[in-house]
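This report refers to the structure that appears directly beneath it.
Labels run A, B, C and D following the written order; every chain starts at residue 1.
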Amino acid sequence: MIKAGIIGSTGYAGQEIVRILLGHKDTEIVWYGSRSFIDQKYYDIFGNMFQLVDAVCMGENLEELTDKVDVVFTATPQGLCASLVNEEILSKVKIIDLSADFRLKDVAVYEKWYKLTHQSPQFIEEAVYGLCELNREKIRNCRLLANPGCYTTCSILSLYPLVKEGLIRANSIIIDAKSGTSGAGRGAKIGNLYCEVNESIKAYGVTTHRHTPEIEEQLGYANGGPITVSFTPHLVPMNRGILVTAYADLQQQIDAEAVRAVYDKYYGNEKFIRMLDPDVCPETRWVEGSNYVDINFKIDYRTNRIIVMGALDNLVKGAAGQAVQNMNLMFGLPEDEGLKMPPLFP
Amino acid sequence: MIKAGIIGSTGYAGQEIVRILLGHKDTEIVWYGSRSFIDQKYYDIFGNMFQLVDAVCMGENLEELTDKVDVVFTATPQGLCASLVNEEILSKVKIIDLSADFRLKDVAVYEKWYKLTHQSPQFIEEAVYGLCELNREKIRNCRLLANPGCYTTCSILSLYPLVKEGLIRANSIIIDAKSGTSGAGRGAKIGNLYCEVNESIKAYGVTTHRHTPEIEEQLGYANGGPITVSFTPHLVPMNRGILVTAYADLQQQIDAEAVRAVYDKYYGNEKFIRMLDPDVCPETRWVEGSNYVDINFKIDYRTNRIIVMGALDNLVKGAAGQAVQNMNLMFGLPEDEGLKMPPLFP
Amino acid sequence: MIKAGIIGSTGYAGQEIVRILLGHKDTEIVWYGSRSFIDQKYYDIFGNMFQLVDAVCMGENLEELTDKVDVVFTATPQGLCASLVNEEILSKVKIIDLSADFRLKDVAVYEKWYKLTHQSPQFIEEAVYGLCELNREKIRNCRLLANPGCYTTCSILSLYPLVKEGLIRANSIIIDAKSGTSGAGRGAKIGNLYCEVNESIKAYGVTTHRHTPEIEEQLGYANGGPITVSFTPHLVPMNRGILVTAYADLQQQIDAEAVRAVYDKYYGNEKFIRMLDPDVCPETRWVEGSNYVDINFKIDYRTNRIIVMGALDNLVKGAAGQAVQNMNLMFGLPEDEGLKMPPLFP
Amino acid sequence: MIKAGIIGSTGYAGQEIVRILLGHKDTEIVWYGSRSFIDQKYYDIFGNMFQLVDAVCMGENLEELTDKVDVVFTATPQGLCASLVNEEILSKVKIIDLSADFRLKDVAVYEKWYKLTHQSPQFIEEAVYGLCELNREKIRNCRLLANPGCYTTCSILSLYPLVKEGLIRANSIIIDAKSGTSGAGRGAKIGNLYCEVNESIKAYGVTTHRHTPEIEEQLGYANGGPITVSFTPHLVPMNRGILVTAYADLQQQIDAEAVRAVYDKYYGNEKFIRMLDPDVCPETRWVEGSNYVDINFKIDYRTNRIIVMGALDNLVKGAAGQAVQNMNLMFGLPEDEGLKMPPLFP
């Protein structure tokens, strides 16, 4: 039985780790960390957990935690994991960090986009970027896992085969992404109130969203050289879900069957990536509550562009589900353990 | 392995049976019935089922079905199950009927409220009303199970201990119920369009809703004699969930601890009924996707009334989940098999 | 031209006063008060007001304000208006208070339910309860107007004729009310976040909601003696709207036509009360953005109860619209000036 | 007093014309046309109109209509207006067609994208494309007005100054548009049911949406030659609102002030176009219920692209409001008559 601790268990992503691990055969949560709710019953914060979780929230003492657990999930704001981690800790437990602290290999890029000084750059090199479908082997043996961002997972998985195979002009990529509101976190801000979000849609972080360099770095590896993308996120009045609509110029004329073959080459055996039937557009409702990414594309012969669409649940494949998928890999378990739940509709 | 057939598998309740049975260890769905979508791929209708269900929809030939399955779920409009069932069928398979055909023992009451002629009244006597927490023993041995209505399940479970113990004046019961829109079904009606339901709330079926006699019959058993209740349902702009707020006059002064003790007497060992902590009001978000009913009450000393609140997911405990709970009982399986998923939030 | 000042102009009700007065021929807003946003541009807080309002937010100096305006709207938390008002102010301007400070005639009841010490009880007697349809004449001449609560307006108007005419047993009244989320205000609280409210319904303030004594006092006048009611509010995932479903025992058998005649007697000439056609249930979508209250009822002959339903927009007839209707009466203007906008659907 | 008839008055756009004209000083609606609801009371279909509209729905006899009215709004599916219009009708009344029948000058393009044979191509030449801000003078004198599409209005107005001034590479334009569900109409289709739309977002009509050639034609005029754009619409779970996020390559380096000056040159005097302050992104909530288009842009210096955003209410500036704005121009009235209502928030 793997013993797990969660730092930041009272955010939406943290709670989703709890939900998933409750259905995981080989894991037991022994530490519900929460800076804001220490000593409160977990189910008083999340009523869905009544009679399922009896624990009270604990602090963020990573030293103490490492003696009690095998794996720590840090579902916390940027900077916290980097400030806590050290060699002794890493020698005892595996860390799965849901923040951005170890996602970017270039610390200068991190510090520029996140406006933070990185507290432990010495571990960046060792950290593995946990996009399971692309980095599976590296993930198996790592101690410090950087769990990808929600927008990033959806964007990269949607575009990766096209970039890798050189089908599109890499610098022509434009990603227009739409997210449900749980992506904005559980902080008490006016902008996230029901009446402010409901019945509206807006773009935000235009040209400055911090998932941009993460997408560029990973797609740059596929491209074999640096690329620059336009990335624009939008806030949608729904709880969960990310939809990515990406546009790129085709390098040459190609038909849909050939493009499909390329996707199948990379994803044909991937359980959590569903390439939809021709002309079926991904919709976030079809992945809600599950670890799936639904992907499809359409070629626009008039403009010689390809439009690629990807949909996932930002809290599952975009956060907690992927974290558990990574944990499964890191502990030698079946990759889908705890992640077999079908999407919930409606 | 129990082989299951679903008639009406393309409605919301039918699809929810599919979702639940996909996670059920001892069941295999071998028949996806749907009058409207014969020969279409099931996942073309419900995209969440892509790569999970490969079947095409079949018709409603109950004769053929009985040779292939052990249990049939009928998630169909009123009248269909009654028109199909016969002795030969019942000798071969177990029927779990999610319609109202066999819920009411008095056929005249059925025909009056449903404005239908009952096609097989001879089976009404034998049918067992499948409210698991109240009828567990009878359910174990039945062939024909009448799965309760969504509003009914929530109303009865919320009020049953109070009526049974004579704490309230039975004829004073007023039930004000609120339902998510999946309860209205998947029919293409203007009234159920997004723009008609969104940003609005209304009562409907005032004084005439057909769950009324079902509530009255079951609470009448608890009361030891017939009762009459006021029941008013409302349509709420959300997908899932039923909240019941019920009002009744207390027979005599009583304090909250004593009332709580009565609830504990009946529900203390019930896995799917959660009596909340004092002063915590049930909310539908805390049960979404799960088989739980959350119940609590508040005594109004100024008016000597008790206000009882219950919340459940209309598609789970109010329909498909309860149907599977009944199936588990009927086949000697653990009652919670396939039903352990925690509520999904947010 | 009436000069108006608004204290609390950056809450939802305050902003709705702005929206309405922008379409009012005889009023000019000269003071946008807001404790939280002093010196900020009003349109930076409410983007809908861009190019419509050029003002910056001011403080709450009521002394200064009285030299500049003819009327002050206080759309502020309980206690503020009572702490600011004095004889000199009232000799110069008219006050329309949207808080509860002057709604209840018995200061002890106010202090018990609101848990506040009233700062100026000497003005309670003089204050007029601004339910226009019931108190029209008194409103015309008052200096200090207590604008009714949102739930209260809907509850009282729905039940008043029945109580006044003695058709129902006054102490049998049960009011089950449902409100959109703007009623919870614009404060940054976790409970009001989009993901917490969306896809859920709950009761709150059960047996303790502070609109209860206000309803009891006003219906008590109609009854000719004190009454006690059960009042239970619910939070609904929508921006605007209140629906009241009220239950009461009929004193004697009566048919729908006779009940309708009673409503027509009181409301037949009321522009903002719409008695719907028989069997049409009020829905909040049909009043959104307007000053209407839609009312109807159904007699339940089985239980000898009447179910009365009322719907209004909590920010208009439940707050800002009624405040402007009161202002019109107080200044001798046509009662519907600025309030003629049809409901916005969808 | 202008007498107006509405064909298709029971769709969402038709009803919005009614709402707006009820507040228009110089217009009277004398014909509520509706093929589906003939002889039914208009307020039975739209309860918001109770006591505001007393009429019953009439058929679509355009001949009869022309003797009774000065202007006809056709808010009907494509093809109907083209099949009804003739010289005699146009000699008597002005037609404002909200369908696409007369928007495209090239009948072959119309027939290809709409898969219809045009029934009266002889009037295409004469018809004026009613984008008021661009075609004001032509509109004043026309008999047959083609009211622009909702996506189109938002897309064209957002991009027009950039194309006209040659700031962007016209063929690089990518338009990612998001619409509320009222844009899908009031037809009873499963795909538009509440539970199907709620909690989800999807793209649709990818590479094939029929507003594409309309955008290309109008921006082509600005460009001085044909252009091709990528246009992808999305369905958003909200009632009203369109947000356009458009991407284009800048022809040369330019700063935000210079771009802003270009917008001000074209829109500085436009009442219904609001150029937002720097860095403020348009949001659909700030225009709901009003005739405004909110526009802003951001330059992405990393990619040398400009991101332009526009927001409007699809039923107002995207349909009925623009139709009334056009009517005002055609009848020599103040352009904003009936259109002064501030946006409704929340």
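What we mean here is this: contacts are C-beta pairs under 8 Å (C-beta built on N, C-alpha and C of every residue); 3 or more make two chains touch, one makes a residue touch a chain.
These figures come from a predicted structure and were not determined experimentally.
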{"item": "Chain D and chain A - chains in contact with each", "value": "B, C"}
{"item": "Selected interface, C-D versus A-C, where C-beta contact pairs are more numerous", "value": "C-D"}
{"item": "Chain centre separation (chain C, chain D; CA means) in Å", "value": "37"}
{"item": "Cα-centroid distance, chain A relative to chain C, in whole angstrom", "value": "46"}
{"item": "For chain C, residues that touch 2 or more chains besides their own", "value": "12, 182, 195-196, 198-199, 237-240, 283, 285-286, 288, 346"}
{"item": "Residues on chain A engaged by chain C in the complex (per definition of touch)", "value": "12, 181-182, 186, 188-190, 192-199, 237-239"}
{"item": "Chain B to chain A touching residues, read off their complex", "value": "12, 15, 19, 22-23, 46-52, 182, 199, 239-240, 274, 276, 280, 283, 285-290, 294, 340-346"}
{"item": "Chain C-facing residues of chain B, complex", "value": "171, 174, 176, 178, 180, 195-196, 198-204, 206-207, 228-230, 232, 234, 236-241, 243, 245, 247, 281-286, 288, 298-303, 305, 307, 309, 311, 346"}
